[in-house]
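Order of writing sets the chain letters: A, B, C, D, E, F, G and H. Residues in each chain are counted from 1.
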Amino acid sequence: MDPDKIRGILESLQAGSTDVDDALAALRNLPFQDLGYAVVDHHRALRQGVPEVIFSEGKSAEQIIGIAREIARTGQNVLMTRIDAVKAAAVQDALENVRYHAMARIATIEQRPITPLGKQPVALCCAGTSDMPVAEECAETLRMLGVGVERIYDVGVAGVHRLLARRGVFDRCSIAVVVAGMEGALPSAVGGLVSIPVIAVPTSVGYGAALKGFTALACMLTSCASGITVCNIDNGFGAAFAAARILKSADRF
Amino acid sequence: MDPDKIRGILESLQAGSTDVDDALAALRNLPFQDLGYAVVDHHRALRQGVPEVIFSEGKSAEQIIGIAREIARTGQNVLMTRIDAVKAAAVQDALENVRYHAMARIATIEQRPITPLGKQPVALCCAGTSDMPVAEECAETLRMLGVGVERIYDVGVAGVHRLLARRGVFDRCSIAVVVAGMEGALPSAVGGLVSIPVIAVPTSVGYGAALKGFTALACMLTSCASGITVCNIDNGFGAAFAAARILKSADRF
Amino acid sequence: MDPDKIRGILESLQAGSTDVDDALAALRNLPFQDLGYAVVDHHRALRQGVPEVIFSEGKSAEQIIGIAREIARTGQNVLMTRIDAVKAAAVQDALENVRYHAMARIATIEQRPITPLGKQPVALCCAGTSDMPVAEECAETLRMLGVGVERIYDVGVAGVHRLLARRGVFDRCSIAVVVAGMEGALPSAVGGLVSIPVIAVPTSVGYGAALKGFTALACMLTSCASGITVCNIDNGFGAAFAAARILKSADRF
Amino acid sequence: MDPDKIRGILESLQAGSTDVDDALAALRNLPFQDLGYAVVDHHRALRQGVPEVIFSEGKSAEQIIGIAREIARTGQNVLMTRIDAVKAAAVQDALENVRYHAMARIATIEQRPITPLGKQPVALCCAGTSDMPVAEECAETLRMLGVGVERIYDVGVAGVHRLLARRGVFDRCSIAVVVAGMEGALPSAVGGLVSIPVIAVPTSVGYGAALKGFTALACMLTSCASGITVCNIDNGFGAAFAAARILKSADRF
Amino acid sequence: MDPDKIRGILESLQAGSTDVDDALAALRNLPFQDLGYAVVDHHRALRQGVPEVIFSEGKSAEQIIGIAREIARTGQNVLMTRIDAVKAAAVQDALENVRYHAMARIATIEQRPITPLGKQPVALCCAGTSDMPVAEECAETLRMLGVGVERIYDVGVAGVHRLLARRGVFDRCSIAVVVAGMEGALPSAVGGLVSIPVIAVPTSVGYGAALKGFTALACMLTSCASGITVCNIDNGFGAAFAAARILKSADRF
Amino acid sequence: MDPDKIRGILESLQAGSTDVDDALAALRNLPFQDLGYAVVDHHRALRQGVPEVIFSEGKSAEQIIGIAREIARTGQNVLMTRIDAVKAAAVQDALENVRYHAMARIATIEQRPITPLGKQPVALCCAGTSDMPVAEECAETLRMLGVGVERIYDVGVAGVHRLLARRGVFDRCSIAVVVAGMEGALPSAVGGLVSIPVIAVPTSVGYGAALKGFTALACMLTSCASGITVCNIDNGFGAAFAAARILKSADRF
Amino acid sequence: MDPDKIRGILESLQAGSTDVDDALAALRNLPFQDLGYAVVDHHRALRQGVPEVIFSEGKSAEQIIGIAREIARTGQNVLMTRIDAVKAAAVQDALENVRYHAMARIATIEQRPITPLGKQPVALCCAGTSDMPVAEECAETLRMLGVGVERIYDVGVAGVHRLLARRGVFDRCSIAVVVAGMEGALPSAVGGLVSIPVIAVPTSVGYGAALKGFTALACMLTSCASGITVCNIDNGFGAAFAAARILKSADRF
Amino acid sequence: MDPDKIRGILESLQAGSTDVDDALAALRNLPFQDLGYAVVDHHRALRQGVPEVIFSEGKSAEQIIGIAREIARTGQNVLMTRIDAVKAAAVQDALENVRYHAMARIATIEQRPITPLGKQPVALCCAGTSDMPVAEECAETLRMLGVGVERIYDVGVAGVHRLLARRGVFDRCSIAVVVAGMEGALPSAVGGLVSIPVIAVPTSVGYGAALKGFTALACMLTSCASGITVCNIDNGFGAAFAAARILKSADRF
C-alpha cells in the first residue's frame, strides 16, 4: 500500500536481509487486528491521521467494549458515535476515562492531547432547536479532531433577518456546516451569503411531508446555491469528518 | 340545491300552478348540458361566480372545441388551460376570438368585460427564469378572473438580498403567490417576511433529486414559516383560483 | 428591515443625535433574545400580529419551559403545539396558568385577552371521528388567534347526504378548513359546493395504501375542485394560521 | 385437470381400450397449441367461458397476427387490447373482419354471435372527459363478453349534484364500474349511494401529485365506502372481466 | 334521496296535509343521529341492508362505546373491527353481550338473528399461517353478514400441488376471497383455476422487499389472471363486504 | 406429480389390483398433513432433499410448537428461523432437544445426523460487525444443510486492503455469500475478484439514505460486477438455501 | 494480485535478475490497456474465463467500435449488449464479422470456437410473449458462454397447468433461469417444483402497478419458495453470467 | 450587506455629503440588473469571485442569449451549462466567441484570462465510460474556474485493481471528485484510500434498480468511508463549484 514501505521490503530482500517468504508475508501483512467480529485497523490512523471511530448502532455493548479496548490499548483516542445511554453506561463500567455526551449520543476516551487542526473555526449553523442533537454530534466530533467551532443556532429561513444579523460570524470561519430539518432551506441561504465551503446535513426533524429527513436531503441536493455538498440524514459525524478532510489537506490547495 | 329555488318550486306546487310530476322534474333538473363526453355546468358560474374552465390535457382538439362552443354559446368567457400550440391552432380555426398565450399554455375567449376583483393586486413571485411558464399560467388566469398582478421574478433564496430589495412590493399587495422549483425554499422566505396569505406553487423545474417537483412540494408543505398553503406541482391555475376564492369572499372576513 | 425605523435612525444620525457606530449597531440590532438553544423573536409579534408559538416535538421539557418563560415574561400569550401529556405536566409544574388540551395536544398560557379576528366563523369539517385530534389542534389554534369556529364533523364522502344536509352552515362561514384522512376526498366535495376559500388538511388516519396520510395529501393536491390549497399531513395548526393570514389581511381584498 | 375427463381416461384403461403409455400421455396432453413465442390455450374458453384475449402491448404486429390467426382458426371471437393504430392497421391487412376502436385501443374479430350475459346492464361511470379511453376499453370488452352498458360520464365529485341527478340509473343496473383519475374520489361517492358491487378503475389522468394514477389507486383502496374493489391503473379490460366473473356465476349467489 | 319518499312529501303538500316549511324540513331531514364526534346513520342499514360497522382504530374506547351504544339502542347488530384486546375489554365492561374474537380483532354484539345470505359459501384461501388474522377478520365479518365460509388455508404457490389438491372446494363455492402476503401470487394461481369472482387481499406479512404489503398489493393488481379485483392491505373486512355486495345483488345478474 | 408413481398407480389399475375410484383418490392424495392453520408437507423433504423450515415471524408460539411437533414426529430435523428469545423459550419448554442461537435468531432440533453437502466450504463475507446477525443466520442454516463455512468478516470496501489481504480464502471455497448493509458495495468488489458464484444479501443496517436496506439491495442489483445474484433484505436463510440448491445439483453442471 | 506472479518477481529480484525499480514497476503494472475513455482489461478473460463484454447503453457508436476493436485485436470473442439497431449498423460498418440479434439487442464477434460449458442445458422459462426480448438476451449470452439452452416459454402462473405440463423439461436441465414481468410469480411456482438453482429475472413488462418491473422484482425477492436469487430488471445478460459462474465452478461443489 | 460599504454611506451622510433619501436609496440599491425574466447579479462575482453561470435547461434560446449578452457586456466570462446542441448553435449565431463542448453540454465565452486557482490539480475519477458526460461537465467547469484536472477514468470497483494501480495519482492532487452511476461504490473505495476531500457525484447511468441515479446517490450518502460529501445526480457543475469553494478559502484552513 505504502510505496516507501514496499520499497523498504524489496531493498531488504535485495540486500539478502529478508528471504522471499518473509517478503511475501510482509507484503500481505497489514497492521490490523482481527477480533473475530471486527477488524481494528491501526493503520488507518496513520493513513488518514484520525482516531479510530466506533459506529455503535447495531453493535452490542460487549462488541463496543471489545473494539474500544483494542483501540485504547495502543494509546489512541476513541470516539464512539450513535451510542445510547444504556450502552454508554456499560462502556463506562468496563473501561476507564469514558465520557458520555448525552445530546450528541457520543462517548469518548481521551488519552492523548488532541492536536489542533485548522487556522479558523468551523461555523456550525442549525435551523431549529430540534436539530441540536445532530449539530452537537458534529461539534463533539470536530472537537475530538482538533477543530474549533462557532455555533450559529436557531436561524431558520422563515426568519431570515436572524441569519443576516449574524452573518459576520462567517467572516472569521473556514467552513460552514449547516444542519437543518423540515424543508432544509438554510444551506441555500447560507450558500448564497458566503464563498467558503458549505457542508449541509439534513435532519429527520419534522413530520408528514418532511419524510424523516428526505425532504431536507432532496432540498439540499437541489439547492440553487452552487457548490453545496451534502451528507446523509442526521450524519453530524460525517460532516465533521468531511471538514477535517479539507483542513488536513490545506497545504495542497 | 338552492333553498330559495326549492321553496319557490314548493310554493308553486302548493299554489296549484305546478303539478307533482313537474315539481319532481324541476327538483331533479339542474342547469347542465350533457355533450356525451362532457357535462357543461352553466350553473357553476352562478354558484362560484367564475368563467367555465377547460382543462385541455388528455382531451382531443375536437372535444375542446365542442365544450368551448357550448360555453361560448351562452356568452360567457372561456379559459382553456394546458393547451399546446397544435390544439390551440385547431381551436382558433374552429372558433372566433380565441387568443393563445404560448408561455402560459392558455387559450381564452373574451366576449364580455371582466369584472375587476380585489382592491390590491396579487404579488406573483418566482424563483427562477425556468419557473416562468407556471407563473404566467397563474398570471393569465388571474387576469381572466379580474385580479391585478405585480410580478417579482428571479428572486431565489440563494440570493436572498434580491428578495429583500424588493420586499416593499408586498406592502401594496393582498396575497402572495410564490412559484418555485428545485428546492422550493422561496415560500419559506416570503412567509417569514409578510403576514398576508401565501399560496405556494411547486414547479417541476430541476433534475435528479428535484424529483420532478416533489422536492419543492414537500419543502413547501414542511415550511418552517407558519400558515403557508400549497397547490399541486405546476398548478399556476389552481393558485390563481385559490386567490380568487379569497378575494370573492372579502365581505365575510 | 422596517423602512420607517431605518429612516428614523438615519435622521438621528444626520441630526447629530446618533454617531456612526451607534447607527451601525442599531441597524444590526434586531429585537430578539438568544437563549443559546433558541432565539425568541419578540419582533415577530409586531411583524405578523400573532402570539409566539412553540413547536414542542423534538424539544425537551426543559427547552420548552425555557422558551415559554422567555415569551411569557413579556406578557404575550403562548401556544405550545405537539406537546404530549408528560411534557405538558412538566410545563404546568414549572409555569403558571398553563392549560392542557389533551386531544389537540396543545398547551396554552393566556395572560392577555384575545382580540377577535374575522366577521364570520371558520367552518371546520372533518371526515371521521379519527380525524378529530387534527381538527381540534386547528380549533384550539383558531381560538387562540381570536377566530370563531363552526364544527361540521363526521361527514365523509361515502355518506355524501350527511354533508349536503349540513351545507347551510357554509353560508354563514368565511373559510372552510377541511380535515380528512384515508382517501381524503372531502375537500373535493366541499370545494364543489362552496365558493369561499377551502384549506385542506390531510391526516395520517388509515392503514396500508393510506400511506400515513400521503394518499389523502396527494388526493387533495389533485382535487378536481379548483382553488383548494393544502397543508402538511396532520398540520391542523398550519391550517389555522393560514386562515388567520387571510382574515388579518381583509382590508386589502 | 378435469375430473370427468380423468375418470374417462382411467375407465378406458380399466376397460382395456387404452394402454398405460397412452393414458399417461393423455393425462399430460392439455389442449393448447404452442406457437414458439406463445401458447394458445383453447382450453381456457372451455374453463372460463370467454373469448381468448391478446394483450398487445410489448408484442410485435407479427406476433399479434400469429396468435390472432391461431385463435380465429377455431372459430372463436378475438379481442385484442392495448393495440395502437399502426399495429391495428397491420392486423387489418393480414386478417379478415378486424374492427378497430381507436379511443378504446381495441381490435376485435367477431365470427360468432355474442351470447348475452346478465339480466341488467353494468353502470359505467367516469369522472371526467379525459378518463373516457379507459372507460371505453371497459365498454368494448363488456360488449364482447355479452354485457350491456349504461354510461354515466363526467360526474366528478367536485360537482356532486351531477352524480346525484343521475343516481336513478343505478337502480336499473347490476354492477357499477367507476373510472376516475386525479384524486379518484368518485368510487367513494358511488359506493356510499348504492349497494350493488362497485369495481373501481384508477386512470393515469392528472399531473404532479396525481402520480400517473397511483394517487387515484391509493384513494380507491382506502375508500371510506365499504366493499369497493379495485383494478390496476387504466385497466378497463380487467374491470369488464371482473364484472363478467360475477355475472357468469349468478346461479351460485 | 328516495324518489318515492319525495313524491310522498310532495303529494302531501299538494293535498294540503303538509305546509311548505314542513315539506322543506322533511326534504332536509335525514334519519341520522349526531353524537358530536360521530354521526350514526340508521338510514344506512335501510339503504345497504347491513349492520352498522365501527372501525375502531384511532378511536378511544369511550368513543367506541358511545357509538356502539347508540347503534345497539335500535336493536341492530354491531360489528367493531380493528379493536385491540384492551379496548375490547373496556367495551365488554360497558355494554352487554359483547363477544371478542382475538385473532380477527373483532368485537360483536348480536341481538337479532343473522339472515343467511347467498346460496353457496365463499371460498376463503390464504397463503400462509401468518396471513390468518386477516383471513379471520374476513371470516368473522362474513359470518355477521350471514355468509357461509369454506376455508382453504396454507396453500401458497411455492407448493402449487397443495392448491391443486384442494381445487374441488371451489366447485361448491360462489366467490373466492384470496388472502396472501409476501409475493402475493396466490390470487393469480386461483384466478387461473376458477371462473367465479376472485377478491384478493394483500397482507403486510413479510419483510424487506415485501414492503409491508405493497409488493403483494402491486402483484395482485398486475396479475396475469384476468378480472381479479383487489382490496387495501390487511383489509379482510372490505373483502367480506365486497362479497356481500355481490350476493345481495344476485337478482340483478 | 411423480411420473413413476403415476405409472405405478395406472399399472395397478390396469392389472385390476386397484379400482377407478381408488386410483382417482390416489392421484389426488398427496402426502401432506393439515393442521388447520398450516399444512405440513412431508413430501417436500423428498422432492427437495432438505429439512422442513418454519418461518416463525408472525406465527404464535403455539403455532410454531404445533408445526415443529408434527415435523419432528417423523424424525426429521427442524429449522425455525426468525424466532425471538421469548418464543424460542416457549418452544424449548414444549419440545425436546431444541437449541437456540440468539444472534442468528434460529432454533433447531437435530434428531438425525446431517449429511455433508459440497466438496469445499462456502465463503461467508460480511462488511461490518452490525451485519453479523444476518451472516450468522446464513451460517447456521448452512450448517443444518450440511455445508461448511469459512467466515471473512468486517471487510467493507472503505478498507479494500482488508479484503485483498484475505482473498486467498476464496481460492478454497465453492461459493461466496456476501452480506452487507449501508451502501452494499462489497459484493461488487468480491465479484470482481472471484469467478465462483456470488450470492449477495443486503442488510437493513444503516440510517437515513440507507433506507432500511433498500439502498444496499439496489446497489447489489446494479453491480458493475457481472453475474451477481441477490436475496431479499436480511435474508441470510435464503442465501444459504440458494447455495444448497447449487451444491445439490453438482452432478448436472 | 496473483501470488505466483508476485513470487516470481520477488525471486527474480533476489536472484539479481531484476532491480528494485523494475520490481516495483512490475508490481504496479497490470495488463490493461487504457483507451482514454475506457480501460480494456485483457486480464479479466484470464481471471474469469469469459469474453470481454461491452455494455453499450450510454456509449456512442464510436466508443463501442473503439473498445470492440481493441478486444478483437487480441483474438477474443466480443459480446456487445444493449445495443440498438442504429449503433449496431455502425459497428457492422466499421468492423468485420459482426452479427446482430435484434430481439436480444446483442451484437457479437466470433473469432474463435466457443468452448462448451456445462453437462446439461439451462432451462430458460418466460411468463409471456412480451418477456421474450429479455429471455433472448439471456439465451444469446449463454450461447456465447458455451452453455446450452432449453426454452419453456409462455407459461405464466395464471395457467399453471401449462407449466406443470412441461415440468419434465426441468429434469434434464442444470439451472432454471425464470424471466417474468407483471406480477413476477413464475419463479415462485418453478422454485416450488424443482430443487436445482433458480435465477429470477424481472422484466419491465406491464403498466400501472407493475411499476416498470419493480413489482416483479419485489415479488421475486419475497418469494415463498426458498433459495431463489434475483437479478436486476431486464438483466438477461446478468442471469446468463450468474449461470456461467455456477457451471465454471462445478469441480468445487 | 457589506459593512464597510454601509459605514461609508453612513459617514457620507454624517459628513453632509449625502442626504437621507440618497442614503436610503443607496442602502437599498444593490448592483443587479433586472431583465424582466431574470436578474443578473453583477455583485455575485464580487461576493464569490466566480463567473456568472447560466443554467440553460428550461430556458429558451432567447432567454439564454439575453442573459449571456448582459453578463458579457461587463467583460466577464460566461459559463452556460446544460445547453443542448440546438440552443448552443443559436447562442453562437447571436453572440461572439462562444465555444461549445458537446459531451459536457457546456458553452463558454472567454473574454478575460482565467486566474489559476489551487496549487495541485483536482483528481477526477469516473467509474465507467457512460459516466463521462458528467465528468466532463465537471472538468470544463473546473477549467473555467482556473482549476487543473487529472483524469482517472474507467476504474469501477468491480475491477478494484485498476483503481489501486493508479492510486499514486491521488498523491499529487488536492481534492478527489468521484463520478459514478449504477451502484455508485467508487467513492467508498476512493474514500478509504485517500485522506483528501472526496466529493461524490452520482450519475443517472444504469437501468432498473439503478433508479435513474438514486441508487448511486443513496449509496454515496451511506458510504462506510467517513467524510464523503455528495452532489445532486449528474451535477458535475456543482462538484466543480464545491471544489472551487474549498480552493478559494485555502488561507483560512
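The rule is short, and it goes like this: contacts are C-beta pairs under 8 Å (C-beta built on N, C-alpha and C of every residue); 3 or more make two chains touch, one makes a residue touch a chain.
Keep in mind the model is a prediction, meaning the values are calculated, not measured.
Student: Once the contact rule is applied, which chains count as partners of both chain D and chain G?
Tutor: Expected: E, F.
Student: Can we say the copies chain C and chain E touch using the same residue numbers, with more than half in common, or are the two sides different?
Tutor: Homomeric contact, different residues on each side for the most part.
Student: Where centres are the averaged C-alpha coordinates, which chain has the largest centre distance to chain D?
Tutor: Relative to chain D, the chain whose C-alpha centre sits farthest away is A.
Student: Could you work out which pair in C-H, D-G or C-E copies the interface of D-F, where over half of the contact pairs coincide by residue number?
Tutor: When the contact pairs of D-F are compared with those in C-H, D-G or C-E, C-H matches.
Student: If you tally contacting C-beta pairs, which pair wins, A-C or C-D?
Tutor: Per the contact counts, C-D leads.
Student: Quick check: how many Å separate the C-alpha centres of chain B and chain G?
Tutor: Centre separation, chain B to chain G: 54 Å.
Student: Taking each chain's centre as the mean position of its Cα atoms, how many Å separate chain E from chain G?
Tutor: 49
Student: Would you mind pulling out the distance in Å between where the CA atoms of chain D average out and where those of chain E do?
Tutor: 25
Student: List the centre-to-centre spacing of chain B and chain E in whole Å, with centres computed as mean CA coordinates.
Tutor: 40
Student: Return the residues of chain C touching two or more other chains; collapse runs of consecutive numbers into ranges.
Tutor: Where chain C meets two or more other chains at a single residue, that happens at 3, 128, 159, 208-210, 214, 217, 221-222, 226, 232-233, 235.
Student: Dump the list of chain pairs that touch, please.
Tutor: A-B, A-C, A-F, A-G, A-H, B-C, B-D, B-E, B-H, C-D, C-E, C-H, D-E, D-F, D-G, E-F, E-G, F-G, F-H, G-H
Student: Show which residues of chain D lie in contact with chain G when the two form their complex.
Tutor: 1, 28-30, 32, 34, 36-39, 41, 43-44, 55, 57-59, 63, 67, 202, 204, 212-214, 217, 232-235
Student: Within the complex, which stretch of chain B touches chain E?
Tutor: Its residues touching chain E are 3, 6-7, 10-11, 13-14, 16, 19-20, 23-24, 27.
Student: Under the definition above, what is the set of chain E residues touching chain F in their complex?
Tutor: 128-130, 132, 153-155, 159, 161-162, 165, 205, 207-210
Student: Which positions of chain A touch chain B when the two form their complex?
Tutor: 127-128, 156-160, 164, 182-185, 188-189, 191-193, 206, 208-211, 214-215, 217-226
Student: For a test of understanding, state which residues of chain F touch chain G in their complex under the given definition.
Tutor: 3, 47-49, 53, 118-120, 168, 173-175, 195-199, 217, 221-222, 226-233, 235, 237-253
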